[in-house]
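Note that the chains take the letters A, B, C and D in the order they are written out, and that residue 1 is the start of every chain.
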Amino acid sequence: MGRGLMALAPLPALFLAIKEDPSPGIELGDFLLKSSLGFGPFGSTFLLITSLTWFISGLYWTLGPQNNAKSRSFCVFFLLTMCGNIGLVAARDAISFYTFFAVMTFCAFSLIVHTGKDLARRAGRIYLIMAVVGEGLLIAGVMMAVFFSPSHYFTDIAPALARLPETHFVFLTLFAGFGIKAGLLLLHFWLPLAHPVAPTPASAVLSAAMIKAGLLGWMNFFPVGIASFGSWGSVFAVLGLGGAFFGVMAGLSEKDPKVILAYSSISQMGLMAFCFGLGIIDESLWIMAAPAMYLLIFNHALSKSALFLGTALARSDRAWPRKDVLIIIMLAVPALALAGAPFTGGAQAKLLLKEAAVSGPLNETFLFFLTISSVFTTLLMTHFMKQVISIKKKSESSLGQAMVWLMLIITILTLPLISHLLYQENRITWTDSGLLFSSAWPVIAGLIIYLFLRRQVERMSAMFRQILPDAALIMDKLWYHSNARIRQHGFLESSWGQMNFARFSERLLQRESTQRISRELELRLSAWSVFGIFFMLLIIIFSLFALWGM
Amino acid sequence: MNLNFWLPVLMLSSSFFTGLIIFFLKETSTRLRTALNLTGAVFKVVAVHYMAYRLLVLDHIHQVSFSMGLGFDFVLRVDFLSLMFLALSSNLWLVTTLYAVGYLEGSPNRSRFFGFFSLCVTACTGIAMAGNLISFFIFYEFLTLVTYPLVVHRETKVALEAGRTYLWYTILGGVLLFLGVVWLQVIAGPLEFVDTGALEALGPDQHNILRVIFLILIMGLGVKAALVPLHGWLPVAMVAPAPVSALLHAVAVVKAGAFGIVRVIFDVFGRDFAGFLGLLGPLAVAASITIIFGSLRALSQSDLKKRLAYSTVSQVSYITLGAAVIASFSTVGAIVHLVHQGIMKITLFFCAGNFAETLGLHNVRDLRGVGRRMPITAITFTVAAFGMIGVPPLAGFVSKWYLGLGSLDGGSGWIIGILVASSLLNAAYFLPVINALWFETPAKEWKTLRPSRFETPWMLLVPPIFTAGTALLAGLFAEWTWSPLGLARQIAFGMGVYP
Amino acid sequence: MTTLLIYAFTSIILFSIGLFGLVSHPNLIRKIVSLNIMGGGAFLFLISLAYHGRSPDIDPVPQAMVLTGIVVTISATAFALCLTRRIREKTGQCLLEHCPDKPET
Amino acid sequence: MPELLILVPFTGALLCFLFPGHIRDVIGLLCAVLTFVASIILTGNIYQNGPIRLNLGGWKEPLGIGMCVDGLSVLFIFLTGIVGLLVSLYSVSFFSKANNQSLAKHFWPLWLFLWGSLNSIFFVSDIFNAYVVMELISISAAALAALSGTNASLIAALRYFLLAMAGSMAFLLGVGFLYAQTGTLDMYLLGAVTDGGPLMAMALGLMTVGLIMKTALFPFHFWLPPAHGEAPAPVSAVLSALVIKGSFYLLLRIWCTVFQDTTASPQTATLLGLLGLTGVIWGSYQAIIQNRLKLIIAYSSVGQVGYLFLLFPLVFITLDPAWKIEAWTACVFQTISHGLAKAALFLAAGNLIHATGTENLKSMRNIADRLPMTTFTLALAGVSLMGLPPSGGFVAKWMLLQSILASGQWWLAAAPILGGLLTAAYIFRILSQAFVSDDQISCCGHVSFVMEKSALLLAIFSILIGFRSKEVIFLLSEQVYFVIQGGIIP
């Protein structure tokens, strides 16, 4: 019963997202600090993609074999995380957004460590450290952003921030805070650890839906389409492109398909960040970049969840006959979509992206790199397919799960057909052979390179990994080291560090020598001779003082 | 001369006489004692709500004053600020009484315990209602006296030692406060909390003396508010039974200090005048140092209650910090944190007490996997700990939000850095506990010290559920008119510092 | 006034001698005698005031004072001697310093 | 009425001396009650009608024995009345115990005699009579101190007595000098004398030193702890609460009337203040390091008496009359509240020692369980001594600190502040013993209801006096103070 509900939970959100006219939203005057829920400027797209992904993953989990003793806690946290994710999409003010964001972040931790294995534990730890740091940066950024705006509604924040100088601290905190969630290059290192260790449905939502929350955060807070911040835009664009390449380069030497998918997420998020960067560089570019980004998001979310679920299916050993081949073939669909093969949503997205890039600054360079990135993505996807084929089988799955997955694949296939329903002005016709070619050749090139130069590519990737420092390891060590340092620091544990003044004063008063001396003195005072001296002396002094005073 | 007039006195006597009667009860008459305690507590809660209604809706300020014949009056006055503290202490008293009844079941010297417990709340009520610094001081010292027997309640060597430390600190604080109060009276006459601005009227030649007096007052109050480096008593006083720790850290003692600081800044000096004298900046710095230092120390404690104690050191200074910034948001933040911190910290101590009483667990390391054995306690602990970190939608977030906005408004944006750093450190010492509770496997079998139908006796279970629920609701429905935040806004408005 | 001063100095010297005796002799009887010498100094001075230059009559007040004072001193001395005897009975000596029957002090 | 206050105890003393057994107790108690009632009536009288002055037997000064009763003396009378009555009640029970029975024979006459002498000294208006009464006090007090008859108590009593005698002699010599200079003995006639001289200065030195020795001011405090510590509990209570106050009262009177305009210079006053300050710190510190309960309390007296002497620099140096009165009131208040609290402490200590059979603080066990009322008494009296609100000690400290701060003599503020801390330290050393429990009950005697309650009543009075500061201040104010030329009140 509960499990059934778990799958049905995202349906209202899905229904709202599909409904034609966006609802006016609701104002919750008493809730939080005056909450407002509804569709933000980018709401319906995100809501659709989020609820869809959660729906599919939830359904997948529900239909799966139920032999896990801890499944109840998984359900609880899965739903809580979903609440956070859908809530943040629906939030129209900064505080609700931050609230749901935090709920999602912390509840997702339990999904990551759900299996309880050591690897999961480590991943969870690093995830948590990064998440907490991110939350810290965000709260500072959100506070400042709200402070500079007339209200805490997004409709006020972005225009208000647009008037701030570009170098303002608020941008940095928001950039980094959401960047951690979005797996931006340099802030990404928790991601390949955390996403794969979760149970498959959780991995799917982590990579497909939750990761987009960072992107949504940027879009909500940064005055994208309102003001142009050249330097911030460049930072986004450069780090985004860098991420696109890095994800591939790093993923190629991995063996676990789920880890490869995680790296692919970094790569794809890089593309989206690049796209967002374009919008920041020049406000006019946003009109072109936005549809590209939506398509990228759609494509990535659906394909990535399909890939994760497919991997899990490929791993299972008994469900229906001759499944291996079927699964592999069908798994190629989302992989190709991600790589941007013709007739897929991915290709459409990339074409739109290129169009946007061409009209911006440094157009030739960007175009070149974008094209290359498609080749790279294909490489990674091929690598992934190869690893899936040689996967070891150990888990179970049910027919229902396969059916769910199948539906997902079909959705991906139909995405290019329905994309014009969403964004009518960007209709692409695949009859144009130039278009066909330009999207097909990177995929073919990638395939060929992988087939012939597989070893070299993998070696290069391994070398690449060696050059780069392992940030996660550093983080881990830093945590343990600083913990140990603070815990065992001599000063803090010493009596000075404890600052117990009472103990000091008590020691002073009760010390053996103090007591002895004072007792001795008291004894002296009571001697008759001392008494006599004092007696005479005081009489004389008093008399003299009295005389003097007169 | 009707009932309404005597209401403040009734408020005091509801717990004072309860306490006195309890002293004379036999150790074995548990039921009568419990009934008395609860009656007193319920009466107080009802009276507070009635008074809140009269103050906030009817705009009627209760005041009773007696002449002391010493150039000052003994004034009990329920103004906006009092109301907050009153509401907090009376409500939490009810909860803690219930908890204490369950906690101390079957242990010796209960008459003494509950007697002093009631007197302690009387002192708190008095502190809240004091209408001038002298009356405040009287109750402040009374509080010191009646909490001492609670701290040493266990009668062990460690407890006596802790009691001694506690006394050294608090008596020192009391003496300093005494000096400050007397000095202020000498140069400015008796100051009711209502007539702020009297100090401003003193000539500029008195300003240096006023600064010194402020320093002395803050030092005197800072002992109870556990400002570094005057906090040493607090972690040591941890040996007391859990309800006492809860009371010391959440309601009575530290809050009395923090409340006093707020009073001194707002109602004695006047916030703007204190700012003009250049006193608030250093105070904010001191509070910030306390916040960071307390968190750092909490990080290195492996005893759960000690960790919580250092966390208190850190959290209570938020109130001081908020009061030390000249911005309406900060004021609201400080006032609301008075309540929020109380609710959350008391929950944490209830939970720590439950772990210790039910399974005999004191160390953070021992808590591994307890979440499955005691899920409700663990949930309440988690909620309160997240609240402490400042994760929305819990109460702690609301106060931090207001403090942060206020610090920007007051032109001291660096405070945001302190808030964030403190949140990170809070996370660093609370999240491992939560992680251990829920996601780790127990190292050994637990032996149940108190068998009962639920995970622990219901009297120990209801209070944390109630307070954690309140912490959640206080955050979720912060914008509601009668939520702590709503009240804090009304209070700040009533004090004339909120737009 | 010189006569008065001579008496005053004499009395002070007597007082000081008495005081010296009081503080320097450990024996209780001697202490009590010394006290009487101190008192003697005071009485001497008082009695010297009875005849002064202000009026030809002899002032009766100092004499009354000295008489009263002597009575008081006698009773005080008697009391002190009584205590001394008890001490002597109990400890066997007329000293203030030893108290052997109280080990806990 | 004043005559009655002297006559009744003296007659009672005589009767107690004559009658044996229980009749003695009845007579003693009856006298105590009568004296107490008379004190109350007198206090009320003075409160309503102002000061009175009368001459015994119709003789006028300089020959007659004059008596004057004003607000100050009546406050001391009142204190003596309350403490006297409750100590008497306590004593009836205390001396009925087997091991104390023989002492009652001596106690009652001596105690009533002491009470009468104390009352006399508060009425005295003539310095020679003051000397005589002081000697009476010394003799009866020393005899009481020797009551238990142990070696230690005998020696302590004799030492006390010898020192008191020496002090009296100094005082007497001072009386002589004053008479030589002025030709009068009456305090108020002396007060009218405005020209000083070397004799006057000598008189000041001699009388002051003689009196501070009897008041046990540092460095003449050493006789007090053994004398008060060795005596039986009710005697200690009386000695600490009242006897040292008698000589302080005289000092106050003499300074404020006789020397006010002539010889009381800022230097002498400062010296007294300095000695007082040292006394506060030294006495309190000594109290902290003692192990015997009664010695702690006795040393506490040394410390508390030091406060009283802060009055001199405050009153004789401060210029603003309002703060002068404040300081004056503070010290009188301190005298009263200390008297009540100290008597309560000693009586409670007597109960404790009786119940636990040991004087050593560290070996006392299960106090709070077995003697809750006594523990409560200790706590209340301790609160008053520490000067925590709302006790009499608090009011005293409050006014003291206020006048110190107003007068600008900052160094004096060390006394209430450090003294308060140190006092707290030893009081809580005693109180924390209350929370030490032990399974093996080392039981000795049973403490009777009267013994517990009379101590408790004293402690409660020491707290309650804090609420009645208005009346005390009124009694010390202009209308009730004996109006004389050059008096303290401007």
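Keep this in mind: contacts are C-beta pairs under 8 Å (C-beta built on N, C-alpha and C of every residue); 3 or more make two chains touch, one makes a residue touch a chain.
All figures in this text were calculated on a predicted structure; none of them were measured in a lab.
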{"item": "Winner on C-beta contact pairs when C-D is weighed against B-D", "value": "C-D"}
{"item": "Most central chain, Cα average position", "value": "B"}
{"item": "Chain C and chain D, separation of their C-alpha mean positions in angstrom", "value": "26"}
{"item": "Chain centre separation in whole Å, for chain D relative to chain B (CA means)", "value": "43"}
{"item": "Inter-chain centre distance, chain A versus chain D - centres from mean C-alpha coordinates, in Å", "value": "78"}
{"item": "Separation of chain A from chain C, taking each centre as the mean of its C-alpha atoms, in whole Å", "value": "98"}
{"item": "Overlap residues in chain D, where contacts from two or more other chains coincide", "value": "166, 170, 202, 425"}
{"item": "Two or more partner chains touched - positions in chain B", "value": "164, 167-168, 172"}
{"item": "Residue numbers of chain C (touch at least two other chains)", "value": "19, 22"}
{"item": "Chains that touch, pairwise", "value": "A-B, A-C, A-D, B-D, C-D"}
{"item": "Chain D partner contacts - residues on chain A that touch it in the complex", "value": "509-510, 515, 518-519, 522, 525-526, 530-531, 534-535, 538-550"}
{"item": "Chain A contact footprint on chain C (complex, rising order)", "value": "16, 19-20, 22-24, 26"}
{"item": "Parts of chain D lying in touch with chain B, wherever the complex brings them together", "value": "368-369, 372, 379, 383, 386-390, 394-395, 397-399, 401-402, 405-406, 413, 417, 420-421, 424-425, 428, 431-432, 435-437, 467-471, 473"}
{"item": "Touching residues (chain side chain A, partner chain B) in the complex", "value": "29-35, 95, 98-99, 102-103, 106, 110, 113, 116, 121, 124, 128, 132-133, 135-137, 139-140, 143-144, 146-147, 483, 486-489, 492-493, 498-503, 505-506"}
{"item": "Sites on chain C touched by chain D in the complex", "value": "4, 8, 11-12, 15, 18-19, 22, 28, 31-32, 35, 38-39, 41-43, 45-46, 49, 52, 54, 59-62, 64-65, 68-69, 72, 75-76, 79-80, 83-84, 86-87, 90-91, 96, 99-102, 104-105"}
